[in-house]
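So that we are looking at the same thing, I have put the structure below in structure tokens.
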Amino acid sequence: MSFAVETYDLTKRYGNFRALDRLNIKIETSRIRVLLGPNGSGKTTFLHLISTVLRPSEGTASVLGYDIVRQQLQVRRLVAIAFQDPRGFWRHKPKHILSFHASMYGVREPERSKIVERTLKEFELWDSKDKKFMDLSGGQAKRLEVAKLFVSPPRLALLDEPTAMVDLDGKRLVWDKIKELSERGSTIIVATNEVREAEYLADKITIFSSGKDVVTDTLSNLKDSVRGGDVVDLEFAEPATSFVVEIIRTIPGTVGIIEVDPRHLRVSVTRSEDWLPIAVKHLQGVRIQSIHITEPSLDDIFMTIVKPRKSVA
Amino acid sequence: MSQLAALVKVTRVDLSYFFRTKWLILTLITLNLSDMFVVGLVYTNMMNFDYFVFYVPGVIIAGMFAAALDVGRRVHLGLSEGVSQYYLSLPLSLNGLAFAHILSAGLGGLIFSSILLVVAFSFVHGLLSLSTLAMIPFMFFVSMGLGGIAAVINLFSGGGDRFWAFAEGVQMALLGMSTVFYPLPAVESIMPWYATIAIAYNPLSQIADALRSAAASAPLSSYSLATISLTSLLMLFIGFFCYRHVFSKVRLLGKI
Amino acid sequence: MNTYQISSLLMFDLREAFNSLLWVGYSWIYFLFQFFVYGSIISTLVVTVHNYFFYYGTGLVVLSTFNIASWSGRRFVEGAHEGRLRYILSLPIGRGEFFMEQLALGVIVNLIRTLPPVLIVLLLSGLFTPFSFVSTLAVITLLAIGIMGLMVSLSVIAFKSFDIYSAIVAALSALLIRFSTISYPISSMNELYARATLSNPIAYGADLLRRAIGLDNSLLLNASMATSVLVALAVGTIFLGIFFATKFVEGVKSS
């Protein structure tokens, strides 16, 4: 298997803070890899490093066979990035921004104008082609940012939260276009903290936390790998006391407990069919309003792996 | 919270933004001091009168203008960044908000020019006098008037990045068409009579000349002080209504 | 060298620079006002310089070049904080090439903005000849390359902090403009100021420009010395800027 990106102890420091800490990761060619993690987990730093926008403090990475420290220009010829918060070209019009982007990758007229027109139409920006960037809505600006990658499809496309600020219709449009880009042979890396986006797009998911990659796998394997195969939602008539939480913790098969709200506990368990009868017995006297058993969602995996703030287990 | 307390709070926030940006204060002070001690001294060698003594009060007034406009620029930033929209959600009347912004510009200009004045005391000995101290309330009036000019610029520069262009243009016009940098006889020898009258009655000319009179221990003309007060008050009122208009528009449209 | 990409970037930046005609028009109005109001009044007071009006007008052209250079640097720093820089850094052009493009942008903007003032000074002083016009433009270009190189190099060093850049520009403005022959000849200065001025390349630029226009050269610095200083400034700042750009420039967290 060939890899589009391989990092070797890739590190980025700002003073004493390590935004990325000795990252070693491999990303397969022609696949969609989603980087999932909370804000500040190092996803954006990683994308900026492999697009050579940032310089690593230590370590390096190979991008499509080129070193990001010694062969920056070769890397940039093959990589394009859609940034998280598109800004900076306030007075330019969308058609000029796309035309400029295409020209930077060597697309010449008259081909360029045709590509720009087609891309603006595909991203539903044609009616706004003559507006100034500063007059676009947040969603339009974001679609324009993603559209840049389509005027000259790169071999490695990096997208940083591509659908933040985009409405529901727009999200689906962007996601489908990303899949289309992948089908055309580009390797895609998407950084997001939207679980739904990851579920829709990812061939593989890497979960980031505190500047490190915590785990990488397919969605189904990640679900299987969660400690505890099922999730049990318990709703109580009254707020669950610490005594109730303590009882649940001692039940054999309890893996983790998340307090959704004072009356609602979400418990990760190994096998719900074994766990539930014991739990009901132990919780006699506690007024339980409802019990729901579900498979763990990516949300649960994410919350379990990145240590939720409200975990009481 | 009473209207007065709210007004004081907005004024304090405006002022703290100005004085907290230490690099800006340092920038303005450096530029003004280099004007005094380089430009003023070299021009003295090129003219047949002590231009330095004439020029220093002019620099103090120019510094006051720059500081008052910068506080106004922060109001402009506040308009585009949503700070003004936040102020409008507070229990503070439109009049209170408009006046608070003009007051903060006035105080900013006064405090900044006082720093320059203190430096100037050491080099233009006549400046350190009771007459100069008596000028401070009038400097405050002029500074408030300049705050009013910042309001007018805010009204006309809208939501774009035109504030600086307009501010520099107004600064250039009002300082150039005044006796801040050159004496009235020099103006009279070049300018038509109507321009000379405008220059003579420019409050910046009046306050700069009053400071020069104080430095020369000459009696302060009550006519001149009355002109300073009236013209400053006029600018203040115009500015007040401009801010009222700006904030009414923001309240109506959400932005300027 | 990615000539096609660099020229595309230059055209894109020029489109932005001249998008708002307000700024271009404003710079001309500023010159007209300063020249005809301030310049003519202050000229009546100056007794040591013959024809100070045109001496001052030429100084204004140099001042305008300095201001446009500050603008170029400021634009670079603003770009770093507004997200423009990181985007450019992700494009397939070298850091050194990017620096050269920024330099070229500043020089072109400067030429367009200073052309009308130069023509006004040349025509009103009666010194317009094809030779004086061409040599004046050549000096302005050389001076612009030097000052742009200096300011863009500084912005490349200080690009992570807008405050630091502004403080540097203010300090430079206080030193390079005040201790120079932009507004007054070196003969009017005391010894200390004159010594500081003699180590300031902008002073040589201003006096060389006056020579190119054809103003009275009795108060001006030596021409061959001035040319050498300006060439050294231009070449030095280009190499320095490319070095800094290659070594230090990277994306900045947007503010």
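Letters A, B and C mark the chains as written, and numbering starts fresh at 1 in each.
In the analysis below, contacts are C-beta pairs under 8 Å (C-beta built on N, C-alpha and C of every residue); 3 or more make two chains touch, one makes a residue touch a chain.
Computed from a predicted model, the values in this text were never measured in an experiment.
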{"item": "Partner chains shared by chain B and chain C (touch criterion as defined above)", "value": "none"}
{"item": "Centre-most chain [mean C-alpha coordinates]", "value": "C"}
{"item": "Mean-CA-position distance for chain C and chain B (Å)", "value": "29"}
{"item": "Interchain centroid distance [CA atoms averaged], chain A/chain B, Å", "value": "52"}
{"item": "Centre-of-Cα separation between chain C and chain A, whole angstrom", "value": "46"}
{"item": "Per-residue overlap in chain C, given as positions that touch at least 2 other chains", "value": "none"}
{"item": "Residues of chain A defined as touching chain C within the complex", "value": "48, 51-55, 72-73, 76-77, 79-81, 83, 85-89, 91-92, 96, 100, 103-106, 108"}
{"item": "Chain C-touching residues of chain B, taken from the complex the two chains share", "value": "21, 23-24, 26-27, 30-31, 33-35, 38-39, 41-43, 45-48, 51, 162, 165, 168-169, 172-173, 176-177, 181-183, 186-187, 189-191"}
{"item": "Contacting residues of chain C [partner chain A, same complex]", "value": "4-5, 8-9, 12, 15-16, 19-20, 79, 82-87, 89-94, 250-251, 254"}
{"item": "Complex contact set, residues of chain C against chain B", "value": "22-23, 26, 29-30, 33-34, 37-38, 40-42, 44-49, 52, 163-164, 166-167, 170-171, 173-175, 178-179, 183-184, 188-190, 193"}
